[in-house]
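What follows is a group of structures, each given as structure tokens.
Both complexes below contain chain A, partnered by chain B and then by chain C.
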Partner chain A sequence: MSDFVAPLLNGTADGALLLVAALGLALTFGQMGVINMAHGEFLLAGALSAYLTQQVISNNDISIPVALPIAFLVAGVLGLILEATLIRWMYDRPLDTLLVTVGVSLALKQAFLQVYPSGVPVEKPSWLDGQWHVFGYAWPLRQVFTIVLALGCLIGLGAALKYTSFGRRIRATVQNRALAETMGISTLTIDRITFFVGSGLAGIGGVAASLIGGTNSELGAKYIIPAFLVVVAGGLGQLKGTVIAAWAVGVGSAFLADWTNGSLAQVIVFALVVVFLQVKPQGLFTVRTRGLA
Partner chain B sequence: MSALLQAKWEPLRSKWGPLLGIAVLGVLLLVFAPAVLSDFRLNNLAKYCCWALVAVGIGLAWGRGGMLVMGQGVFFGLGAYAMGMHLSLEASDGTTPVFMILYDPTTGLPAYWAPFKSGAFTIFAIIVAPIFIAGILGFAIFKRKVKGAYFAILTQALAVALATLITSKIQWTGGDTGLTDFKTFFGADLADSDTSLMIYLITAGLLLACLLVVWQLYRSRFGELLVATRDAEERVRFLGHDPANVKLFAFVVAAVMASIGGAMFVPIVGIISPKEIGAAASIFMIAGVAVGGRAALFGPALGALAIGYGRSSLSEQWPNGWVYFLGGLFIVVTLLLPGGLTSLFGRLRAQLRPRSAAAEPAAKPATADGMAG
Partner chain C sequence: MATTKVRMFAAAAAAALIGTTLAACGSSGGGSTTAAKGSCLDTSGSTVKLGFINSLSGAMAITEKTVSNVLHMAADEINADGGIMGKKIEPIQEDGATDWPTFAEKTEKLLTTDCVAAVFGGWTSSSRKAMKPVVEKHNGLLFYPVQYEGLESSKNIYYTGATTNQQILPAMDFLKSKGVKTLFLAGSDYVFPRTANAIIKLYAKELGIKIVGEEYVPLDKDDWTTQVAKIVAAKPDFIFNTINGSSNVGFIKAYTDAGLKAATTPIISVSIAEEEAPNMGAPVTGQYASWNYFESVDTPANKKFIEDWKAYPGSSGVTSDPMEAAYDSLYLYKAMVEKAGSFDVDKVNAASDGISFDAPEGTVVVNGKNHHISKPGLIGQINADNQFDVVWHSEGVIQPDPYLEAYSWFPAATRDALVKAAG
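Our next item is the complex of A and B:
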């Protein structure tokens, strides 16, 4: 039983972390067509915020909950700066945003490496020390915390998209940018806010990642490609595709790693995504619109 | 220059100019460089030529075909590891290489290593393995119309996956250390400076040959179809062509060039490790192409040579600064000069040309610069 439960639960936690990383990407990629390779470094910024918060607030039980909004803000503002300085000039050539953000990602990563060559240790709060016994498997609470956090982000984002006027504007822009503009929606402002929220989510993901593994300059590089694969497999414009894909990649990798080993699992998951795209080239779900874009 | 002379000169220039350029580059690389450069510098130049080989392929796939290949490290690695296996076996006289024995004294030579004892098979593998892998992958991707960023992400993911796989199979690949301690290159002593000169000449010759290949491809109907596919894939489809086949061919040719570059890299540098083929290395391979000018004939190769030189000279004295410089290059070039440095010449020429002559080819720049992603 434990052979089955352990990878399932671990994989779900991995998937949850991937989901937080991928949600922001899905938002910016899906709405604006921007491929932000620096998203991984925004995760790093989130992890760094957690570390710095702990330097100020020594009580770890409080510092992590405090760090979450701070990380969101820090990464979000980084995203805003990126949008305002570089990305706004290249909305008409989406593939080039990839190259520009590769440059940003290289520079940010190097800056982190220079200031913190050996990474930053983020301490776990004591209330995450324990385990939760599920079907005979001692599930570390920090994994449960990741899932709770991911669900929180998902529900928050989903509700915001569905029930607020801001969310309606975002969805309108995704579905048909030109028509949204003619309806008086300032797509420029919407894009900017979307980029802020998407990048901010990366910050939250960074806090979660720092609690699970170590935090060094490779943190972003570790998550960016799997997160993009999740977005690609999940399809653009809808959250449910991203959710299912993240969970499938997380659990799939965990089982495959259990049966073979971690690196072979990575290769197989990649192959599976390519095969999956044979069946669904647009990803799991796509928004069908009359817009030609 | 009179208008009449210009009218005669223009078609001649556009037809034979590139060939002349390749000839000039050939003289520089094959005659001039060996005459003036020290052994050490020449060996470095040989290394840059390997990256330039990869870059020529990227220029074909990305510049002309619009496929941003972010995982050329994979094909570079295929060629490099094929060559590395052969050279390891040469060094160990066809018995089990030392690193395998160190890992597990009882081990024998793995079955898939055995054919690489043969030099002919190694060369065959260097050409055929990338055709095979790029063929299958490209067929799967292009037939289903996966393109743009999706394609870029998938290729990058492949590079990450291969690097991780090679790192983990220490017993067969040497893991992080990679394959090294080579002694001979197809029988020639690697410590001998004549051998390094020969390897350099082969590499430079291959680079020139690849430039000739893409020059011929660019002026053929295929080249036009490739650019058409990049700029308006749907229209190409409506005209009765299958864009997938066009892209597949360009992707495979690019993969073979990357593989050749990788294969020559190994005897020159003396080591091949996963670091040279992973995500960062693959991104580095794009940098030269972007800087030089992705759609130009010479842009990618010259850009890669320059970036290679920059990496060696800057990263020696200023290792941190080099990464910022590379990142900054990506940003500045993409933002301000998407056609790369070679597009500056085109702009300059347009500026210098008399107004009347400049007005006539005004419809052309869209194809010449190739800004479309």
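Our next item is the complex of A and C:
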């Protein structure tokens, strides 16, 4: 039984982390058409926030929860700066955003490397010690935490999009930018706030990632491509697709890693996503719109 | 709109893929094909140029920067002491940038444009394999300071780190002495762990140790949870860890999260040293590592080495095995040149056999035949200060045997297959 339970549960947790990393991209790429390759470094900024918080508050039981909003703010503000200084000038040139943000990504990475060449250690809180026993498999509590965090982000974002006036404006902008503007919505402001929230979510993902692997200059690079794949495979402009795609990639990789090995699993999953996109180039779900764009 | 975005993404992904593929293809070697005849080395002045090549940017900068600093420290020391044959060292530093073709190109530049007498550096086996054809083509010299998978020997390379019979085999002897019956192999997916594990499996059979599992994860992936679940199920006496880089952090975290402990399921590593131990973000106290040098080694040379390093600008504060091997390499080169009475590569090679240096790890001696050096085999256990207490050492120094020719359990067919696979 544990042969089946372990990959299922761990894959779900991997998928949850991928989801947090991809949620922000689903917003900025899906809504604004900005390919932000520096999104990975926003995760790193979140992970670094966790480390710096631990330097100030030495009790890890408290520092990690405190680090979550801080990471959101730090990564969000980084996103705002990027939007205000570079991206706002190239909203109509998506491929240029790709090039510019790759540059920003490299600069941020090297800046981190200059200050912390060996990376930084982030310690987990003691309330994440221990395991849950599920059908004979001792499931690490840290995995449960990742899932709870992802659900929190998802529900929070979903509720904000659905029930707040800000959320309605975002959705209006996604569905038909020109029409939204004629209705008096300042799409520029909406874009800016969306970029803040999307980047902030990466910060939260960074805290979760810092509890799983190393916090070093390469952290962002590990998540950026899988996160983009998940967003594209899920279909743009919809959270539902991103959630399903993230879960499928997470669980698929875990089972494949269990049956074959870690390297082969990565190759097979990426190949499957590529094949899937050949069959369904728009991804799992598409927003139907009457917009001409 | 959505379709254009998908297309754009596809273009971006394709560009990224092409980039990676090019990097991978380039690893087979680089540089131009025109063979240079004779060296452009000019030693008529009062200085001698030496090339240092280390990744100062990219993922490997984490570890290679320290090696670069320690090479500069050794050069400063030698210069303060009069230089090599009375000539001051003039170091020329190049950035390998964690990119193997770059290592090849920069080595070629150092040898043919800067006309250096020898090149020092490299860390990953991929970088060494990229530089090897270049130093061989130009009949240059490379001093490579990191433990590696063995099965290699070049008249143009000196290997001052351990080969397998100086690090992997002592670790197995130690496990045997601890009465270990079952072993789990966890490694990163590249040439060193794959080759090391092939050797470990053969030697384990000889020692009567059962291998109960073998798992690999790509170097760029940190999450080990799925693989650690398999370790928990296999209940091994010991874990042999050949994971490298940041992935080690993910492994130690997943190990801790699964409730595994040093007291019941200890790990022996070959890539966790003094610099890595405090950066895991999870306790590693009580775990083991196999090296040839620890900061805790008690020799007069080590005392001086540690003091000098702590005072050196850009120092990381702690010393480790690859740093010490890099430090030794410069002193060994100096001794070879002075014995040969010349910077000429062929004369240096002819003089190299038997050259010794009272290194921080103890006296090391160059084997002129295979260009490796003799080393003591040491097993350290990590204490609460993230330093290593030496708990086991080999009987005397271990002579280098990169092709494991002295070991009857290592079949020639396997050797040929591994050499071929390693390229």
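Everything that follows uses one rule, which is that the second predicted complex is superposed on the first by the 293 of 293 C-alpha atoms of A that agree within 3 Å, B and C clash if a C-alpha of one lies under 4 Å from a C-alpha of the other, contacts with A are read in each partner's own complex, and residues count from 1 in each chain.
In the analysis below, a residue touches a chain if its C-beta (ideal position, glycine included) is under 8 Å from a C-beta of that chain, and two chains touch if they have at least 3 such contacts.
Everything numeric in this text was worked out from a predicted model, so none of it was measured.
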Exercise. Check chain A with both chain B and chain C modelled on it and let me know: fit or clash.
Key: clash
Self-check item: Which of chain B and chain C A:258 touches, first, second, both or neither
Solution: second
Self-check item: Touched partner set for A:141, first chain B, second chain C, both or neither
Solution: second
Quiz item: Who does A:199 touch here: chain B (first), chain C (second), both, or neither?
Solution: neither
Quiz item: If you stack the two complexes on chain A, which partner ends up touching A:213: first (chain B), second (chain C), both, or neither?
Solution: second
Exercise. Could you tell me if A:31 is touching chain B, chain C, both of them or neither one (first, second, both, neither)?
Key: neither
Quiz item: Between chain B and chain C, which makes contact with more of the residues in chain A?
Solution: C
Quiz prompt | Contacts of A:242 with chain B and chain C, given as first, second, both or neither | solution = neither
Quiz item: Once the shared chain is lined up, is A:86 touching chain B (first), chain C (second), both, or neither of them?
Solution: first
Practice problem: Look at A:118 in the shared chain and tell me whether it touches chain B only, chain C only, both, or neither; answer first, second, both or neither. | Solution: second
Self-check item: Partner chain in contact with A:14 - chain B first, chain C second, else both or neither
Solution: second
Practice problem: Once the structures are lined up on chain A, find the stretch of chain B hitting chain C; candidates are 272-280, 290-298 or 362-370. | Solution: 272-280
Quiz item: Intersection of chain A residues contacting chain B with those contacting chain C?
Solution: 29, 33, 35, 94-95, 98, 110, 221, 225, 228-229, 232, 261-263, 266, 277, 281
Practice problem: Write out the stretch or stretches of chain B touching chain A in their complex. | Solution: 68, 137, 140-141, 144-146, 148-150, 152-154, 156-158, 160-162, 164-165, 167-168, 279-280, 283, 286, 290, 320, 323-324, 326-331, 334-335, 338, 371-373
Quiz item: Which chain A residues qualify as touching chain C in the complex?
Solution: 2, 6-7, 10-11, 13-14, 29-30, 33, 35, 94-95, 98, 110, 113, 117-124, 128, 130-131, 137-138, 140-143, 210-219, 221-222, 225, 228-229, 232, 235-237, 254, 257-258, 261-263, 266, 277, 281-283, 286-287, 289, 291, 293
Quiz item: Within the complex, which stretch of chain C touches chain A?
Solution: 1-6, 8-13, 16, 57, 59, 61-63, 65-66, 189, 215-218, 220-223, 225-227, 229-230, 232-233, 245-250, 253-254, 256-259, 275-276, 278-282, 316
Self-check item: For the chain A and chain B complex, residues of the former touching the latter
Solution: 29, 33, 35, 86, 89-90, 93-96, 98-100, 102-107, 109-110, 114, 221, 225-226, 228-229, 232, 261-264, 266-267, 270, 273-275, 277-278, 281
